[in-house]
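What follows is a set of structures to go through.
Presented sequentially are two complexes of chain A, the first with chain B as partner and the second with chain C.
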Partner chain A sequence: MTAPPAKLTPTPPIPKVGGWDNFQRKYAPYIFISPFFLLFFVFGLFPILFNAYLSVHEWQPGSGLGDMKFVGLRNFTDNLTDPTFWLSLKNTAILAVESGLPQHLIAIPLAFAINMGLKRAQSFITAIYFLPYITSVVAISVIFFTLFSWQYGVLNAALNSLHQIPILGVLFPADKINWLGERAFVQPSIAMVIVWRYVGWNMLLYLSGLQAIPGELYEAAAVDGATRSEQFRFITLPLLRPTIFLAVTLSLIGGFQLFEEPFILTNGGGGVGQAGLTTIMYMFRTYNAYSDAGLAAAMAWLLFIVIGLLTLVNNFAFGRSGTGNNEAAK
Partner chain B sequence: MTSTPLAAPTAPPRSISGKRPLSRAGSILLLFLGGVLTLAPFYFMFIFATHPRQEIFSLPPPTWFGHDLTNNYESLLSRMPFWRNLWNSLYLAVLTTATTLFFCTLGGYAFAMYEFKGKSWLFGLLLATLLIPSTLNIVPFALIMQALGWIDTPRALWIPGMANAFGIFLMRQYIGSAIPRELVEAARIDGATEFTTFRKVIVPLTGPAMATLGLVTFVQSWNGFLGPLIIFRSAETYTAPLALRTLQGIANTDWGALMCGVALTVVPLLILFAFASRRLIDGLTSGALKG
Partner chain C sequence: MKIQRLFVAAALLSVSLAAAQKTTLTIGVFPDLDSVVKAALPGFNKLYPDIDVKINSLAYADHHNALTTALSTGKGANDVEAIDFGYVAKFAEGNGMTDLSKAPYNAGALASKFVGFTFPQATTQDGRIVAMPTDIGPGSMFYRTDLLAKAGVKPSQLNASWDSYITNGKKVVAANPGTFLIPDASEAAQIILRTGLKAGDGLYFDKSNKVLISPDNARFVKAFTVAKQIRDAKLDAKAGGAFSPEWTTAFQKGNLATEFSGAWLVGHMQNWLAKDFTGKWNAQNLPGNTFASWGGSFYGIPTQSANKDAAWKLVQYLTTNAAQQVLAFKTTGAFPALKAGQTDAVFNQGVVYLGNQKARLLWRTAAAKIQPLDVNKLDPIADQIVSDALGSVLDGSKDIPTALADAQRLVERRTR
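Right, the complex of A and B next:
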């Protein structure tokens, strides 16, 4: 662009056309961003403060606001002495690990495979893997609910026919698994659905992480005689570490807020032995069915603290060292 | 990872996209198997939508289309006002998308093109709100909506989210990088008010970013569950996912009808995705990648 330099003075002369023009120019940006801040105060910040207020009160939403009774920390101690709360927290943690870990262990090789073998069909393949992520949880859960059926389900039928294979068949169970009907299998079943849903999403994160690594690094390393496994160890892994950190953090935070999948797969009830009851589900039940808003609010804070602590631990364990190791790759 | 050493340094260095046929075949096999497992549940959704309940649950389970699609469809309509519910979903998603696009573009424009007192501080605050987990919001959200009398009305869901931090961030990034400041200043010199500049200069130029944000917003609203579960309390106001959920709850669920309804809610998104998968994927992952 070559424009006459005279016209490119950085600040346009402010025309002296009176108050309105200056006024609207000065305040326009504030007006433009005000909807966000107004809505955030009403529907974002206020609820959090309200939640804090609620958590130290005993209150049933059915009765009027006047019926709020200050109870100090009793809601917190009530939660902490409630075995079901601990059970829900344990379930949430197990589900977060059972669904979180496989997601990454499957997504990383898939991202490598796409990056390595299939440059041309790449967008088609990523689109297929991404489909579950854009499908509603209700639809997914309803579909899996039938696939999980004990006597007549597709999953058991498929496992059974895999069991018939001569030698490899030993790897697959001979008996039908009562997926959602037996306590031991409730959590793995829910985890399976979540893994199925989020593998594509994680694969995409890893793929863009892999593609951000400049190819010259590998070429330089190859010239220096580095083997492929050395390239993987000294280039790919350290440079991929921020991506791994990001993806793990996201599934950690998401995993501890699990609600929709377990809620629908267990028909809202938590399943056999409450094995599918997550903390958010229990909180929802405490508010919705038990009508105890204060107790539910305190539970939300407890879960918030757990998530915060885990994020801190995760930051400490992977975040810093992740950036530190990048130096080694240079 | 196999540790096959590379050829002698005299050979041209092979890049990671290498031509080793074995690892390439392995990659394709892995991706193919994963793809089949990813698509299988969708396949069975369509298959089951054409079978009556007793065929869905028989041995072996059906693997090809049956003849009961119309029966299932009629059964679905007799159990719930399905088109009404689908309309509710569409109405909510369209309204959410339209208002989100307007307010987020406006906010993104302000953060991208203006210098004003407190800007960086306000923008930092905006980004910080992205980090708050929704955990703390669920119970108060329900209570506030109750107090406002917004239970059973769609505005309880589209108003709170219409100017959201993610959308403003996305639009700011795009406007800041794609639209030259000179255009805005030229409009000013021509005497346009700030809002006219926004309407006549900015909006026509933000098409791609708006498409991305619009798709993401639409999909999330269409698939929403927890929000509608809290707000909508009657069969008439239910969105489609919510209505289908209640069908699953009753004893002797008509699984064929349910599958038919599920397929009908999934198909619109599949069509949307077929046309705009790239844009949708970029939008949905951009929050994580750029943030």
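Right, the complex of A and C next:
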């Protein structure tokens, strides 16, 4: 941007024409790029700055903008001393792990299998796995409500009929399980929906990562007598590391911003013992039901700090080599 | 030629003058209130031909979100806004809504014309009246006559007291395998919390903002105890709140013996919720001689409105005109908040869905007995915390004194 290539290879001076040509040359690029920046300023930068401003004020969304009262850092200390805030953070972390780990543990081998084993049906199978990701959450929730329902659910009906099987039946519960209404089951149930929904997305990421691995490496390994699982262990996994880093980072951010699934599956209430209350849900509740915009804004910043720290840790864990850039450059 | 031009000019002038005299008023509503307002307009325009009313109807949640935004930014609100009961407290804080207790409105003088509990709902702690009540949801106990008959239980045995509700409820469930007495045990607690309050007390706070939630408060202890007894006797369907999927399915399958709700539930039951059970549901008063209300709607005037005079005329017409209140009841079943709206002959007619029971008379009497509750701006927070505490008691993870003490602490740290 600072050194246009024109300076390196001198060109004959441009004959001076009218101001319009000059104007075009100078400003047209800025005008062409302005739509993005205008939209970004209005819908990206402004909300962030306004949120920062809000976080040090006391304000109820129902009263005018003139009613804001400066309160300093009180909103932050209030959040940090609020047991429910910490509970929501704990829930979010548990849900992020419960839903995040299985996603990747399923997606990587799945992508490997699809990449290796399927040739013609590959895109079709990939599309099917990707389908949940583009389906509306509300539609998904309706389906899972009928699956999870305590009295009328498909899941309980299935478990119940499995329980009728002699001998093996002991392994399955005799009573109906209240999946979304019992403390112990709320989080796993929500996590299950998230895993189901995002496995396809992660698989797609890994698939593109796998396709970037040159086929000669596998051929060479095969010539050396490596089995499929050895190929996976010694070629696929190390070379997939940058993709894993990306996918895990995205899951981490997504997991900590979890809102839709737990909100709908607990009817917005957070479920028994607030086990399904995530931080974003609590933030929404603080703004929407408690009418405390400043407190909610401060909560958003605290969550931002948490996500930022975790991304740093993730970066550290996968090492700089994880991104594949530094060592390659050296 | 010239004369002709002059004539045209004069004609144009007179048209524009007439237009200038006509005030255009906007009113923001949500379904079904939009049908009520639509039905009201012919009558309103007969009285005020110079006021044009434009209805802006949005879905329930969208309407209230749009209103929040309009009040926050000071722009874009309608001249009259419908506000559901659940949102009144929220809009009462701040200065977005016109204080109707002041001149020229003097709404306070109208309070005696309305069912007693309605005005305190829209009155702030500092005495401002932010909205006028238009319809109410007097609560009653709905019950399945066939299920009760099979168990040989009379409705009067169910609602004599909370104890007899539980004892006889067990008989009903035992006689009808697969059914539940009530969708959720917490409903009983919510009703008990709303009864037996001292004058001037709110649900969770007293007049001086002191938190009433405590292991020593008999009202809270009783509410939690009764709910816990219902849960422990396995009488409830653990369906959570009304309109949850579990709640809906239980209704549609006909697996519920009783439900506590507002009179408006009949409309839902006959239209979609329990269509197949026409004539099998009936209504009685809530157990233990208690009275409570479920929801209700209000009309308010945002301070940013430029047509407050005309807006007030419309609000008055919608809320204080008896004929209009009766019309609203006939249009959508919105139960009049205006006492004079409850004397029409239609109240003596039987309700077809309820097997022609004259339930409206029951609701009218019940409405008059509902206790007024003083609202506090922290009510939504306390509400959430108390229902969480109740959830912990119901699933056995906390005992009642601990849960109440924890809830008390959580609410107290919010007061300052």
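Definition applied: the second predicted complex is superposed on the first by the 274 of 330 C-alpha atoms of A that agree within 3 Å, B and C clash if a C-alpha of one lies under 4 Å from a C-alpha of the other, contacts with A are read in each partner's own complex, and residues count from 1 in each chain.
Criterion: a residue touches a chain if its C-beta (ideal position, glycine included) is under 8 Å from a C-beta of that chain, and two chains touch if they have at least 3 such contacts.
The model shown is predicted, which means the values in this text are computed figures rather than measured ones.
Aligning the shared chain A places chain B and chain C in steric conflict. When both complexes are overlaid on chain A, the residue A:Asn178 reaches chain C alone and has no touch with chain B.
In the overlay built on the shared chain, the residue A:Tyr129 is in contact with chain B alone; chain C does not reach it.
With both structures placed on the common chain, the touch criterion links A:Leu250 to chain B but leaves chain C unconnected.
Counting the residues of chain A touched by each of chain B and chain C gives the higher count for B.
By the touch criterion stated above, A:Asp67 is placed in contact with chain C alone, chain B being left untouched. Look at A:Ala139: by the touch rule set out above, it reaches chain B but stays clear of chain C. In the superposed model, A:Gln164 makes contact with neither chain B nor chain C.
When the two complexes are overlaid on their common chain A, residue A:Tyr290 makes contact with chain C while staying clear of chain B. By the touch criterion defined above, A:Asn267 lies against chain B and chain C together after alignment on the C-alpha atoms of chain A.
By the touch criterion defined above, A:Tyr152 lies against chain B and chain C together after alignment on the C-alpha atoms of chain A.
Between chain C and chain B, the overlap after aligning on chain A sits in one stretch of 21-29, 39-47, 57-65 or 111-119, namely 57-65. Overlap of the chain B and chain C interfaces on chain A: residues 61, 142, 145-146, 149, 151-152, 267. Looking at the complex, you find that chain B touches chain A at residues 1-6, 9, 13-18, 23-28, 30-31, 34-35, 37-39, 41-42, 44-45, 48, 56-61, 103, 106-107, 109-111, 114, 116, 119, 122, 126, 129, 132-144, 146, 159-165, 168, 182, 185, 188-189, 191, 193-195, 198, 219, 222-223, 225-226, 241-242, 244-245, 248-249, 255, 258-259, 262, 265-266, 269-270, 273, 277-278, 280-281, 284-285, 288-289. Only residues 8, 12, 15, 17, 21, 24-26, 28-30, 32-33, 35-37, 39-40, 42-44, 46-48, 50-51, 54, 61, 106, 109-110, 112-119, 123, 125-140, 142-147, 149, 151-154, 157, 196, 199-201, 204-205, 208, 215, 218-219, 222-223, 225-229, 231-232, 246, 250, 253, 257, 259-260, 264, 267-268, 280, 283-284, 287, 293, 296-297, 300-301, 303-304, 307 of chain A touch chain B when the two sit together in their complex.
On the side of chain C, the complex with chain A involves touching residues 68, 71-74, 90-91, 93-96, 237-238, 240-241, 244-246, 249-250, 253, 255, 377, 380-381, 384, 387-388, 391-392, 395, 397, 410, 413.
Chain contact summary for the complex, chain A toward chain C: residues 60-67, 81-84, 142, 145-146, 149-152, 178, 181-183, 267, 269-270, 272-274, 285, 289-291.
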